[in-house]
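Several structures are given next for inspection.
The two complexes that follow have chain A in common; it is paired with chain B in the first and with chain C in the second.
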Partner chain A sequence: MKNMIQAGTSSAAFRFPVYIQSAASIAGKKEGEGPLKDSFDRIIDDPLLGKDSWESAESMLQKKASALAVKKAGLDTKDIRLAFAGDLLAQTTASSFGTAGMGIPFYGLYAACSTMGEALSLGAMAVSAGFGDHILCATSSHFASAEKEFRYPLGYGNQRPLSATWTVTGSGACIIGSDPPETENSPDSLRSGNRCAVITGITAGRIIDFGFRDSLNMGACMAPAACDTILRNLSDFGRTPSDYDAIVTGDLGIVGRNILLDMLRKNGTDIGDIHQDCGLMIYDNSTQDTHSGGSGCGCSAVVLAACLLPRIIGGQWKRMLFIPTGAMLSKVTYNEGASVPGIAHAVVIELMEI
Partner chain B sequence: MKNMIQAGTSSAAFRFPVYIQSAASIAGKKEGEGPLKDSFDRIIDDPLLGKDSWESAESMLQKKASALAVKKAGLDTKDIRLAFAGDLLAQTTASSFGTAGMGIPFYGLYAACSTMGEALSLGAMAVSAGFGDHILCATSSHFASAEKEFRYPLGYGNQRPLSATWTVTGSGACIIGSDPPETENSPDSLRSGNRCAVITGITAGRIIDFGFRDSLNMGACMAPAACDTILRNLSDFGRTPSDYDAIVTGDLGIVGRNILLDMLRKNGTDIGDIHQDCGLMIYDNSTQDTHSGGSGCGCSAVVLAACLLPRIIGGQWKRMLFIPTGAMLSKVTYNEGASVPGIAHAVVIELMEI
Partner chain C sequence: MISDKQQKQYEQYVKEMTPVHSLPANMAKAFLTGGLICLLGQWIQNTAAYLGADLKDAGTWCSLILIFLSVLLTGLNIYPRIGKFGGAGSLVPITGFANSVASSAVEFRTEGQIFGIGCKIFTIAGPVILYGILSSWILGVIYYFLKVAEVL
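After this line comes the complex of A and B, so read on.
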């Protein structure tokens, strides 16, 4: 008997749920001043984390979040059979020198800011196939390393248009496996009494290219991909939006959210009441000057760990569609005039009472 | 019943084998003048493939190889449920604009030159879990885009030391699934009578960092990782080297091969008789001036498709350990003085008579 069942054209349902055994979030100073300040596990005041480059700082950030997720699950690094991780930097060096530096067998991923969706999807697939009891999924981003990688060195002091998002300095990590978390009710445990968070299905993203060429309007680049994945998820699982308590995109921001809601309405689907966006949850734009919202593959990862999963095990949400969104931006292809296609990997996360 | 069985600390064995249903290779002009010239499916004489940038050329190369693998399996793009692909460029743009541009749900990977090992491993895991009947795994590299990405623009005419490898211009792609290839004995089919090539196990790579800092000696950076993966594979599966007809690394070249053989001997393991390296098979160094050998994540992929898999279904080899090797090089971290760690993902490929 296969543990994973094909659903529709591009989704999979898990016959046995994949448990999220722990989740950790470490955020930067600016994120630590925002609406979720009391929810992060740790807030890092020094953006360099004692290192001498932004890249090393981000690696350290990701490694710390991964180590914390292992600890919160009551495990040791040697208990982790496999790690899936990624980040935004060229050749994913934040992960190669970060999570991968822990010595765990490691599969590196790249899906821009949707990487946490890819990591959880492939991690869940591996758990479902029987590969491991404990699998680590992690992503990170850092405002300074991302600006250097994709746009302008910070010292240039360039002006940011209102469509621009602010790359989150943060890293989120989860341990997933085939059994529920062992410890009940400890502050570290992702289990509240008999309530656990489980992954029950995934919808793989497709590259959707509407031809946008604006590296300072990532929301517009990603919204069509989010629309595509949401519609395929609903169709593949035979659901309507009301079957979800929340549909949470990664980092569309104000601009991208409006495009997504419009596109879905034109397809006869209204998710206005239940849509949330991690990029809009992490900052208070009225006081933090973050323009369209937060972004980066750390954004959805820290919001998932700090805020979304607690809502599941707290019983506020019974079923959530978590869809980190990514813009396939590269400074080389961008400067050569190529478009910025989008992708969005969806994960169905549900409350399970065991 | 789980289809995948944990083997040792970091490997998995498949209860039901994963069939390689087709394999395609497209190589550049220099590769097409080497020892494997008669084995490639296609040789591309124009290194730009009619495009106006090296990056676009590599995307086109990868897309052509993926499309050819689909065609050789007797399938249509819409029959492919999932694609796993990667390349060496920042933000894996050759894949985002290449294979991912085919509209297939897509998981992007980064494991440097070991990416074909990662793609086949995760693809096999997905097949094993029940995700898809036909899954596409593809990687590419291009001499000119890689030199631009990692070292010097070609116009500089820099001198290359003897330890340097030559990045292969080429792309290899495979379709894998839970059933054998349908067509027997056609020149396109990866089935000879009742003989098929199947994936029976995988060993996930770990990042191994010996502190090497030489971007022109990738073989030395990768050899320790290849050694680590080979020893874990042998231990996890309870095998000795004589249980394999061939152990084929990706692109260690002359320098890396010698280091690997020495390291293994110090660990009491001798694979000298059965070791081959794709980077040493693809060029004739005596006439092609390629120094230590070929490299790039297209290297192991095209050699697998053009040369290794035909040896399996031809009956010359019954069981092969295929281990693409990768050096986690990035020009940013390299210029910041960081080391170049290695990784190697292993796939056990066997002859199966159905």
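After this line comes the complex of A and C, so read on.
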């Protein structure tokens, strides 16, 4: 086999860096009132985005974010060879009716809240294999459509446990490709002088099932999967946590973060100083009543685009491990007594000076 | 594979790691909320009786007005806040039932009159209706046999 880029048991180390050419984030009103309010590209106050259903609203949200990412890269939709996109709704509605409507060849993905990790992983593999000079990776989530899909009608008066997370209304999209972004025609592309953000490796997630059944404690469902992926990433690449400036999980929340740090410590790995969680960055839990933190596949995507990637090209972080986490909850199997397994896909993103 | 023992251990461990609402505080809030709703109901009933309704009609007026208020507050997005504060206190009275029906109707109206509102209006209230009727039937049967046996 020629051109092998396998690393360890379940990772890929790309021979040539995969450039993140642009990143776009569009967030809802509540997210726009949180700690990252100044970082989003756009904040949308109307939760329905002028549509008449939550599903159409989320589709529109994702389409807008995807279009913005294309524009920020200084490209046209016809320049995009492939799109990998996903969301939380059944039949990946928001992607099929949103991003897919742009006319770009489209692969729809579902990995619950870890979908941005899956989209970037598959996109980076496709770029690395020579399948595209520009590939779009996008995900979205919407509080109202997620509540309708998985929980109760919005008007139903119930109490949420403290372990529950708040689904982020937002969509994040990236264009990745084999060349660094141009700056001449596209001042908004992801580049600061000669500094670019590149994907250098990925570690594919495994389903980890501890038989845990509480769908309102997603952090506890996902933390073992995040732990598993982090340990495999470190061993596959022969690294220690000190080789990373930051390890950023998707939406573990307070409960999941504590479990993850505890589990890793028991395995002899301490990431307490460098760990962050997108779900804990997007809201101020104490004033925004979001309990354990933010969640949804829009959560890690908007935080990546609005906050994490700027830190890379700003030179604050040289190498980061981005690990969106997903709880593979199905309404049907949950009612049938099955557990909620977790999965986490890791993407290594580094600063590259060209 | 993860063994049953490990699963049990993990469940126990998560329980220790997960914060929970304060039970006494929640009970106090539920008592206050439920109590106020019932007080309002009693006031409606007394007022109806004062205005000349007999006891049965006064009770009907009480239910109707409470249901109306609950549906109205659901439509105005106020009932979810009462529910968040009051918990079971706002869930158990007839207002909670009305809220569950009205909120489903609002949520699923985009899916049409038949498959949306028609099929899904009792998504939450359905079990209450089904098992409410079943349990009253069972009690009725017990009552009948006690009567036949001349215990009652």
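The criterion applied here is as follows: the second predicted complex is superposed on the first by the 346 of 354 C-alpha atoms of A that agree within 3 Å, B and C clash if a C-alpha of one lies under 4 Å from a C-alpha of the other, contacts with A are read in each partner's own complex, and residues count from 1 in each chain.
We take it that a residue touches a chain if its C-beta (ideal position, glycine included) is under 8 Å from a C-beta of that chain, and two chains touch if they have at least 3 such contacts.
Nothing here was measured: the structure is a model prediction, and the numbers come from that model.
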Once the shared chain is lined up, is A:L82 touching chain B (first), chain C (second), both, or neither of them? first
Regarding the shared-chain residue A:D209, is it in contact with chain B (first), chain C (second), both, or neither? both
Of the partners chain B and chain C, which touch A:S10 in the superposed model: first, second, both, neither? first
In the overlaid three-chain picture, which partner chain does A:K318 touch, first (chain B) or second (chain C), both, or neither? neither
For the three-chain arrangement built by superposition, which of chain B and chain C touches the greater number of chain A residues? B
Can A:N217 be said to touch chain B (first), chain C (second), both, or neither? second
Check whether A:G108 is in contact with chain B, with chain C, with both or with neither, and answer first, second, both or neither. first
Now for A:T92: first (chain B), second (chain C), both, or neither, which partner does it touch? first
For A:S53, decide between first (touching chain B), second (touching chain C), both and neither. both
Residues of chain A at both interfaces, chain B in one complex, chain C in the other: 53, 55, 209
Contacts from chain B onto chain A in the complex sit at residues 1-6, 9-10, 12, 53, 55-56, 81-82, 86, 88-93, 96-97, 100-101, 103-112, 118, 121-122, 125-126, 128-132, 149, 203-207, 209, 328-333, 336, 338, 341, 343, 345
Touching residues on chain A, where the partner in the complex is chain C: 52-55, 148, 152-163, 209-212, 214, 217, 220, 224, 254-255, 258-259, 262
In the complex, chain C residues that touch chain A: 2, 4, 6-7, 10-11, 13-14, 17-21, 26, 74-75, 77, 79-84, 86-87, 90-91, 96, 99-100, 102-104, 106-108, 110, 123-124
